[in-house]
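To keep things simple, chains are lettered A, B, C and D as they appear, and every chain counts its residues starting from 1.
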Amino acid sequence: MEVPLAAASAAFLTGYAVRVLARDHLPRLGVDLCVGVILGAWAVFAADYAVRLRLSGLGPFRFLRTHLLDTVVLLLPLLRPVRMVALYDRVQRRRGNPRLGLYARVMVYSGLSVSLLGFTGALTVYHHEADAPGASILTFGDSVWWTCATLATVGYGDVTPVTPIGRLTAVGLMACGLALLGAVTGSFSSWLIQTFRREDDAPGDGGTEDGTRPPGDSPGA
Amino acid sequence: MEVPLAAASAAFLTGYAVRVLARDHLPRLGVDLCVGVILGAWAVFAADYAVRLRLSGLGPFRFLRTHLLDTVVLLLPLLRPVRMVALYDRVQRRRGNPRLGLYARVMVYSGLSVSLLGFTGALTVYHHEADAPGASILTFGDSVWWTCATLATVGYGDVTPVTPIGRLTAVGLMACGLALLGAVTGSFSSWLIQTFRREDDAPGDGGTEDGTRPPGDSPGA
Amino acid sequence: MEVPLAAASAAFLTGYAVRVLARDHLPRLGVDLCVGVILGAWAVFAADYAVRLRLSGLGPFRFLRTHLLDTVVLLLPLLRPVRMVALYDRVQRRRGNPRLGLYARVMVYSGLSVSLLGFTGALTVYHHEADAPGASILTFGDSVWWTCATLATVGYGDVTPVTPIGRLTAVGLMACGLALLGAVTGSFSSWLIQTFRREDDAPGDGGTEDGTRPPGDSPGA
Amino acid sequence: MEVPLAAASAAFLTGYAVRVLARDHLPRLGVDLCVGVILGAWAVFAADYAVRLRLSGLGPFRFLRTHLLDTVVLLLPLLRPVRMVALYDRVQRRRGNPRLGLYARVMVYSGLSVSLLGFTGALTVYHHEADAPGASILTFGDSVWWTCATLATVGYGDVTPVTPIGRLTAVGLMACGLALLGAVTGSFSSWLIQTFRREDDAPGDGGTEDGTRPPGDSPGA
């Protein structure tokens, strides 16, 4: 039941990406196909949402409150692929792979989410900016560069969105992405400090060499 | 006793917003009305402050020290609407709504405060910049865009204030807003890590699916 | 023994500030006076350092390592006024003022240090930039505005230093100031979360109203 | 066994630095020498990696997962000098120097890593930008200035990379450097708060004077 949703997410993102990136080289039929894929994926999301609402036995408003993120994702389906990260986590677990440590999992999970959000944001901004008068984001490369500078809160300002939708996307990217990125860097910092602290407790000779191994490994590896 | 203050706050903010945003289209009477509303709201704030000072039984300086924020808010009444957030919290509680978890409350509270502060800051900057020579913030949209980039510490620099008052507001916005925004993103990160940790303790099948639900929900929802 | 040092610090900063800010209007004698004050204060610092080194009974290198900050401050005496903050703390305590809570003290201490560092940095940058060819920092106001944007890591880039010394100062300002500013905002966030948590434990009616009081107050105030 | 690797790292970085910084003044022979040093150092790294893989007794994929950082460092040998920091730590310990406190060690370790990463990043960006059409990073000084503004997330935007490789390096610098820098500032903040807290527990007269000494000193020093 999760698999078709993830497939629809991937189809949605692929359709949108092809539509945006190949827009000058796409024949009329290709555009129609992309739009069809996008609408089809959206229909799958809406059906899933309706089924879950029915099954939950809650009123619409209570459901909306307890599943706030699901609702937002329904309205902004470009956020949907972020949910694929949860699926990836489950697949890893089914395969019996050893679970990563807490910080490593937060880093991987948030890092993947940030990457997907960033890619989606770069697509959206490029889509709305490329043809705008006075725009400085002219290529998809510019858009990706701008997205990275925004997510890292560096914000050079050499290229910036000028259209209302581009700026709205930018604000959303700042709000969502910064918190996730904060989780990544915060986890990394915590892990670094934790590694140093563990080394403090057991200052053997062999323990120091592997100060760079990821968390979750056994100390004697 | 809180309700009239909140009403005065809303009136103050509305009066100021109408005054600033509709300044080119406002008849003489409208301007006078806005100024009247603003002054009336201010009088309410001053009266409330005086009554509290009298009731507290403290000397003016001790009162000023223990109620520092109230004093600042009296002098800069545009900060007043932030207090409405506390009222919102109380209303939620009276209605018997289930309380949100700690992190969710910090996020909602700080998020609302940041939004109000940001809106007020954008208004003030637009008010002082729009007519300044050499200004780059020409529309209210520019001002909101600039405010978002400032609060997220991205700071593109494509539009920046040039007047002394605009820059003073900007510094205040950085100082107040960044700390609040830090609380929001910090809470989100903490909650994310907490969610992962809880999942660690109880790695059941059903628990994973709702990794996206807000904190405070019962695990079996 | 601390008082003359603090006086020398204040004299040093005042002499440098007058020298920099009034340089176009200062007669020849005024310049000489400022330079005299600056050199005199520096001599006091060097004497103090020598006395402490002698009294400590340590070798110069061990003393240098355990008093690293003192050594840096001796070489860059513009950092010296930051030490005045410690004096302010002691005076507050002698007067028997009730001590602030932990977070409030960190906020006040770091906030004062950041302000002093920022003022000193703005002075230095203005001193070296104002006459440089192609400079964008032309007035002291520009310099202060640039300092605030730098300390908040916003970095608009509308005005930036172009001289080597200006840029070196900027890097120092980033390194020192950001950590201190991180302490301020981190403390504020921690205090905010702590306040919410305390409220969680004792959800009385009267406790909510004062959600805005500074830490360290008794709950029944 | 660590010493030759560290020597190779230093040789690699030196060769690359000479190649990049002196490129206009280097005779044909010098260029060949630099390239020879770089390739030789790389061969040492590859041999070391192969030996470790063989000795570990793990399959290539499991080895790759548990030694992820080593693999990345093999492919991007400019990151290699960061490993020298671990050697520095070991040398300090062999000499019997008193170990620094936890936070001080995190600060020193991360600070050194950030400096090395920053220097390497500045070299790489300067190497690819200096001749690019429309570049704003024209001297190595510009490149260092840009690196500092990037690592501090200030991002003025007065100089920015324009080539694809320069921008890729920038993104890597943001990702690696920011987390390390976050560790430095986070440790400094934690240490500051810890110092204040310790002072709270023992508010003697002598303890306050040395509020500026590095962590790890005995309180009676």
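We adopt the following convention: a residue touches a chain if its C-beta (ideal position, glycine included) is under 8 Å from a C-beta of that chain, and two chains touch if they have at least 3 such contacts.
Just so it is clear, the model here is predicted, and its values are computed rather than measured.
Between subunit A and subunit B, the superposing rotation on Cα atoms measures out at 90°, rounded to the nearest 5. Although subunit B and subunit C share one sequence, what matters here is the overlap of their interface residues, and that overlap falls short of half of the numbers used. Compared on C-beta pairs in contact, B-D and A-D come out with A-D as the pair having more.
Averaged Cα coordinates give subunit A a centre that lies 28 Å from the centre of subunit D. We define each chain's centre as the mean of its Cα atoms; on that basis subunit B and subunit D are separated by 40 Å. In subunit B, the residues that touch at least two other chains are 149, 153-157, 186.
On the side of subunit B, the complex with subunit D involves touching residues 153-157. On the subunit D side of its complex with subunit A, the touching residues are 66-70, 83, 86, 89-90, 93, 102, 105-106, 109-110, 150, 153-157, 160, 164, 167, 170-171, 174-175, 178-180, 182-183, 186-187. For subunit B in complex with subunit A, the touching residues are 141, 145, 148-149, 152-158, 184-186, 188-189, 192-193, 196-197, 200, 203, 208-209, 211-214, 217, 221.
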